[in-house]
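Starting off with a structure, shown below.
For clarity, chains are labelled A, B, C, D, E, F, G and H in written order, and residue numbers in each chain start from 1.
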Amino acid sequence: MNDRGYRAWLEAVRDGRASVDEALAALRRMDAEDLGFARIDHHRALRKGFPEVVYCEGKTDEQAAAILVRLCERGDGPVLGTRASAGVYERVRATVPDVEYHPLARVVRLMRGVDSPKGHVLVVCAGTSDLPVAEEAALTAEAMGARVERLVDVGVAGLHRLLSHLDRLYEARVLVVVAGMEGALVSVIAGLVDKPVIAVPTSVGYGTQFHGVTPLLSMLNACASGVGVVNIDNGFGAGYLAALINRLGD
Amino acid sequence: MNDRGYRAWLEAVRDGRASVDEALAALRRMDAEDLGFARIDHHRALRKGFPEVVYCEGKTDEQAAAILVRLCERGDGPVLGTRASAGVYERVRATVPDVEYHPLARVVRLMRGVDSPKGHVLVVCAGTSDLPVAEEAALTAEAMGARVERLVDVGVAGLHRLLSHLDRLYEARVLVVVAGMEGALVSVIAGLVDKPVIAVPTSVGYGTQFHGVTPLLSMLNACASGVGVVNIDNGFGAGYLAALINRLGD
Amino acid sequence: MNDRGYRAWLEAVRDGRASVDEALAALRRMDAEDLGFARIDHHRALRKGFPEVVYCEGKTDEQAAAILVRLCERGDGPVLGTRASAGVYERVRATVPDVEYHPLARVVRLMRGVDSPKGHVLVVCAGTSDLPVAEEAALTAEAMGARVERLVDVGVAGLHRLLSHLDRLYEARVLVVVAGMEGALVSVIAGLVDKPVIAVPTSVGYGTQFHGVTPLLSMLNACASGVGVVNIDNGFGAGYLAALINRLGD
Amino acid sequence: MNDRGYRAWLEAVRDGRASVDEALAALRRMDAEDLGFARIDHHRALRKGFPEVVYCEGKTDEQAAAILVRLCERGDGPVLGTRASAGVYERVRATVPDVEYHPLARVVRLMRGVDSPKGHVLVVCAGTSDLPVAEEAALTAEAMGARVERLVDVGVAGLHRLLSHLDRLYEARVLVVVAGMEGALVSVIAGLVDKPVIAVPTSVGYGTQFHGVTPLLSMLNACASGVGVVNIDNGFGAGYLAALINRLGD
Amino acid sequence: MNDRGYRAWLEAVRDGRASVDEALAALRRMDAEDLGFARIDHHRALRKGFPEVVYCEGKTDEQAAAILVRLCERGDGPVLGTRASAGVYERVRATVPDVEYHPLARVVRLMRGVDSPKGHVLVVCAGTSDLPVAEEAALTAEAMGARVERLVDVGVAGLHRLLSHLDRLYEARVLVVVAGMEGALVSVIAGLVDKPVIAVPTSVGYGTQFHGVTPLLSMLNACASGVGVVNIDNGFGAGYLAALINRLGD
Amino acid sequence: MNDRGYRAWLEAVRDGRASVDEALAALRRMDAEDLGFARIDHHRALRKGFPEVVYCEGKTDEQAAAILVRLCERGDGPVLGTRASAGVYERVRATVPDVEYHPLARVVRLMRGVDSPKGHVLVVCAGTSDLPVAEEAALTAEAMGARVERLVDVGVAGLHRLLSHLDRLYEARVLVVVAGMEGALVSVIAGLVDKPVIAVPTSVGYGTQFHGVTPLLSMLNACASGVGVVNIDNGFGAGYLAALINRLGD
Amino acid sequence: MNDRGYRAWLEAVRDGRASVDEALAALRRMDAEDLGFARIDHHRALRKGFPEVVYCEGKTDEQAAAILVRLCERGDGPVLGTRASAGVYERVRATVPDVEYHPLARVVRLMRGVDSPKGHVLVVCAGTSDLPVAEEAALTAEAMGARVERLVDVGVAGLHRLLSHLDRLYEARVLVVVAGMEGALVSVIAGLVDKPVIAVPTSVGYGTQFHGVTPLLSMLNACASGVGVVNIDNGFGAGYLAALINRLGD
Amino acid sequence: MNDRGYRAWLEAVRDGRASVDEALAALRRMDAEDLGFARIDHHRALRKGFPEVVYCEGKTDEQAAAILVRLCERGDGPVLGTRASAGVYERVRATVPDVEYHPLARVVRLMRGVDSPKGHVLVVCAGTSDLPVAEEAALTAEAMGARVERLVDVGVAGLHRLLSHLDRLYEARVLVVVAGMEGALVSVIAGLVDKPVIAVPTSVGYGTQFHGVTPLLSMLNACASGVGVVNIDNGFGAGYLAALINRLGD
């Protein structure tokens, strides 16, 4: 609904400057033009702290950088570029000096309009090869205002490493568990905690790991409850969902 | 948009019975209630001759029949029940005497509000085992006002049977080609005609036919152009799409 | 850790009844016996309001009922039996009169030790055929203390039905979206709300729906963010996860 | 059948210049040579406005260009080269100066013998990454004489963008909907319009998007009716089919 | 081409009873009616000893029997019904007393117009569970005039059993090898002989045998040369192909 | 090699009853007849304690029982019937009174010629639904002379249950780990012990468990070393392999 | 069997230089040493005209060339190198001047010990992109002594092209049909001829062609009989099998 | 358990420097910190002769080398780097002069703390292309103290080559069988021996070999018993498991 337009016509009718039929036709036209989405848009405008995100893969460095720069210039919230090369970063930095680059996660990030971190998202990852995906999740959740901790290299093959961090598992409000190979870490952790677990399968492995299909299936069938799964290597999606959940506890 | 409501508030403003702010609040509330879809609905109300359809599989005979009876009693257009048992038909007929049953296609149908058939949809099928799906397509297209012809048992293994019907292929406005096994019939026919071909893979076959996956893939990769594919055994969807296309020629 | 045993040996050392070496050996033995899990168990004992759950499929009615009765008699929290036949229910009710049965969801449930419902979980489902899975999710979340609302039959094919319920979507703390066919409902809803969405693919469909694989893949690749996916037809898992998330907002 | 040959022999028999047996042998030989296909060929010769098409992938630039030049020199209708590099274009232009190149769609095109555009094909695409496929569809349909409009970047994640273009959706005679990720756009659009929808899944995505398999399955199982699906990334096939359908309305 | 019709018109022209134009029109009509396939048909009519085959699965006993009886009454060559129940046989025998039934292979067969068996087809099978498929192959090849020998239960797990029959392997003109489980028998045999091997995967096995997919893949990748593969459980197809090959040696 | 035949001819040569050439021809013929396998057979005859096994699925009770009775009567070692119904057992017991039946594992077993159990095979299983497969493994290993222990219901979801049995895991010579769902138990156990682990995926689960494919893939990609995997639900194969390994330690 | 060894011991026994027991032990030892394979080898030695084949993919040019040279120098029959680069050829030619290279098929070939071509193998291929595989088949069959004809670019999309070559199809003794895309050509041809058809799926296509899986499945399910299928892109295997079959007709 | 910490508090209690309650609280805190894993760790510390392993794929040469050097410097047992380039080796050798490099298997190895080889592991491989995987298995088993023999190029296509090595097969304590293509070698060997067989599918092949899936499935369904399967191309895993088994026989 377009408040100003509506008010103008109502006032015109009130003041006798327009007939009821004229006003009716005008209102009808307005509805036809922005049907439904004004309200939706309004709603979205309220979502402060939600990053504007650009998926850079499949774009040239120039294209990705141009879009990111425009987003940085236009709004006043955080901006995120995922799967971004250093070249994208260099180009954005030329215009937006305070933009960050995280080479491991291949993330370009502008932290702006983000309050001091709140809550507690714990990003756990099984092996060092899973770090890029885990870091993408962590950086995303931070951009949405979450306080994020990392717990790395606690794979199931060395269970004692994981068990020695039980306290950290228990303290989190929501956990993101990133694992390749067979993804068994998700089942083990979800069996230990009573908080939501966001599971991220990675493509780390070979042969029948099938580029992440094996841990994906494993996580979907986890014998422990409380697990929601995202796409393979989708650190961004996991961090985003974790941050949404984390906000509920604020 | 709700015309009567709008007019009432506009008149109240004009007559001084309501303030601009009161009217604005009221209009806002109305928009919230039926946002956008009034117009969509209006559009759908215009689609005379579109069947109301019930997919009966997975419902008890009682449930399916009850829904079908309600649809028959409520509207004045055609009604279709697909994958319906004879039991469903018996129950519907008790209330709606002029309903038809087509046991091969397992279709319950009420032809009502359908003009005399127009255009020319040709439903071709490879083998007798594909007949139920082909017939579902034909019955659906008829319910939407199309004139439908059938051409059966013209599989690729006996090419001369197909070639002896070239004229019938050429005369159709749109063709529905139904085939199981490897689905090669689609490629052959689409190579012969210059009209749209709707391809329906069926689950007829065994072993690596994989319940219809093989002809589906075959049809998606047909070396001839002009082919659109629907889901396995989806005679209804093919007939519906063919009838939509057929109307364009009226 | 075994407090009483530790204290006994510490007191013996303090009182000179045992040497340090004797006590050390004893403590070491104790650790070997109940390594680690005392504390884990303690933790789990604290999880009041978590249902004890029995997956009844693949068990005889007698077996399932026997396990459920034992759980009902042993604890003081809620008990849930999923995929349970009416026969299971009859057998449980003979011993536990206040047990409920929900035939659509095939759930046997004992609501006990559950506080008055809190928060707001919205369970949305695309078609009536998805209702059993949706209801399993709703009943599970309720058993964990969540206030649950249902919104049914708002499939994407009739978008206006969904859009007319925007307010209900916006009000929920967490949403469970249940959909078969192609599962597009998840993308649409996740694009409208800024709350966590738990997506449940169902096996409703035929042919290339592949018993739920299609909506599963669709949901994992949803173009909207904030979605976590569970196994096909896993209403229980979705309800459990939604309730965990819902608690964070209390 | 070869009319001139037949007539010559019939006249020779009439005039006594050949015996019946001689003529019979001659006719038999002719039939052996061009059995059946004379008539088919005749039919194809009538299909003015159908492009001659070369799929350039897997050919060297030299090979592709040579074939395209030959087609341009031989006939008098449109010529299309799909998946063509700029190198192919340069080579063709050397001989055929009025050939066009569309780098985004990687299409080489010679618009010749094409009447002024007719009808109304609307090519809709979900994201900017889907543009190359969408453009291939549009260029193909144009080459076949269709008037084509484009509507880009109206993905389901921002539903309001799509809903603000309802009129354009309603006005089209046939729609080509191009979408990667989960392909939900097809279901939403097909639920809004009552015209044929040609669905094109693209390989845009990662992980379980499986190079386009996910939107393909999603489109085959669309809960809305009136959808025909083509192969992954097959913009050409969709444009071709859409143009065939579009002609029916002329 | 239709010789008699052509000759009649040529004679009429010669004799002045018809004009060239009249004859030309008549010839054109004839071509239109039986375009191309007269010759094809003639060709097929020559294929004495090729069975008429009915695939009985998915047909009622009555339907299958009716078709078989019609084939028996119409022609004078062999007739085969595959996947036929005893009920089909009983019904056929009532009209065609000399029809045979082979319950293991579920084959109904009428040996008629088949010369004394020639050549040498060896049907080998790995385990007793593969016998029905092997027997279907053998019965089919016999119906096409081949002399067939069987060699059963010579699976790879007991290699000595196979090696003790080397002579029989060497003597065959063409071999049909039927195997379930992993289908390794094909590789072993094709490595021993220098004759064509027709490989038939069967659905015998469980778990990752995937209803015959495993031996199918195994046979397609056999490290030994000279192997052609047919569909899973397709004994008929293997016997048919083997008999075609066997004839070449006559 | 055929000793008696060889000796007879050697004696004939020695005694002058046969020439060297005559004997040579005879020996050559014998070799042709039983090429190679005498020695293999001899070898197999030495494998005391290896069960004769019948896979009863897909056989009638009568057939399975007949084969089992024959094996019981013929040899003097253990006999095993897997996937056997009670009906098979009843029929065998009529002739072989000391045969056992294990209904959970559906195993018919005759323990005969089996020494007192040796070594230590530990069969671990995740859930009660996996028990039939676990028991099949245990019964098989016992039939081959292994001392077998069982450890049940120690799934990963309740890690403390497993950890409380560390000693039992450490003491085994070889472990068979049986798990459905996602099969994570294998990774956890293989990370704890330094003995061979035989992993058996089961079909226990639903949806994307894909009848055991998920734990199979999970086990093949276990992040811990020392794991060998067998077919889905193949308790027999795991027990057999475990017993072979167990013997090495005797 | 080792003739010389046997004779020596038989003569020793005849002459009293050895006892029967001594000879028996010696013979037993000999059998153990070269069990069975002497005879097999002898058999293989007889297979004149069978090419020695090297699959060059995955080998360095140097390695592949070295093996090919060795084969050329050692024997006196044909030698074939498949998937060989020009670099392999250059290296072989340095030593073996009369070796040929076929760049399209990537085959290095030495025609030696091959009689004048016999019989009639027809290699048909659907599109020009399938030529490399078709040519590999043709070159292989020629190396095994077959007379080979080629028939190219007769895809199903232009059926008249194929039908105009019916005579050539009818004249062949065995046909190799090579097709990518959906592979429908196999069904059409097998429906026209009564000779064995060897079907070769190729990886030509994109999207759901799945690198050749689609035509493979299509060919395995061909509705026409008489088809044996080989692995994707396996021109060598098809040519080899066709030549084996072709020999039977000599 | 933390011995030193425990002892300190026990002595403090004994000496009256701390109360029982103070000590109890301290002990409880310690358990929380290193719960459970002390004992596990102790156990692992005992596993002398187990290699520390680095999977180098996906790491830069620098990273892989750095980790390997650290492992070499830290411990006193063997160190293994798999899938390592020559560059990794060069970098490690600069610091650790006695490190080996095996280019075929791409293994960097430091043999240290390994006793003289014991037992008998036989690594068999089908073709020369499978050698890298086979060699990885052999090198791994050696690093764990096993005496390893190799038997190469004994594929099923030339069965006599394998049969001529029966003695070597019989003598092994455990066999690792490495095979690509269809993997039939595993079935043949497992049918000949009565020792554990570790099966390793390789990705050697093309088309439907599906990068190793075909031999994997084949091995899981081997008709012979006593087979455990590892992941595709997982030579390391097979060698590790074989060495574990081999130790049992010491």
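Everything that follows uses one rule, which is that a contact is a pair of C-beta atoms (placed from the backbone, for glycine too) under 8 Å apart; a residue touches a chain by one contact, two chains touch by 3 or more.
Everything quoted here is computed from the prediction, not taken from an experiment.
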Pair joined by more contacting C-beta pairs (C-F or A-F): A-F
Most distant chain from chain A, judged by the mean position of its C-alpha atoms: E
Between chain A and chain E, centroid-to-centroid distance (C-alpha), Å: 60
Where chain B and chain E are represented by their mean Cα positions, the distance between them in whole Å: 39
Chain B-chain D separation of Cα centroids, rounded to whole Å: 25
Whole-Å separation of chain centres (CA-atom averages), chain A against chain G: 56
Per-residue overlap in chain C, given as positions that touch at least 2 other chains: 32, 35-36, 39-40, 159, 163, 166, 192, 207-209, 213, 216, 220-221, 225, 231
In contact (per the touch rule at the top): chain pairs: A-B, A-C, A-D, A-F, A-H, B-C, B-D, B-E, B-G, C-D, C-F, C-H, D-E, D-G, E-F, E-G, E-H, F-G, F-H, G-H
Chain E - residues contacting chain G, complex: 36, 39-40, 43-44, 47, 50, 53, 163, 166, 170, 173-174, 192, 194-196, 198, 216, 220-221, 225-231, 236-237, 240-241, 244-246, 248-249
In the complex with chain E, residue positions of chain D that touch it: 1, 3, 6-7, 10-11, 13-14, 16, 20, 23-24, 27-28, 31-32, 35-36, 39
Contacting residues of chain F [partner chain A, same complex]: 126-127, 155-159, 181-184, 187-188, 190-192, 205, 207-210, 213-215, 217-225
Of chain F, residues touching chain E in the complex: 32-37, 40-41, 57-59, 203, 211-213, 216, 231-234
Interface residues, chain F side, partner chain C - complex: 129, 159-161, 163-164, 166-167, 204, 206-209
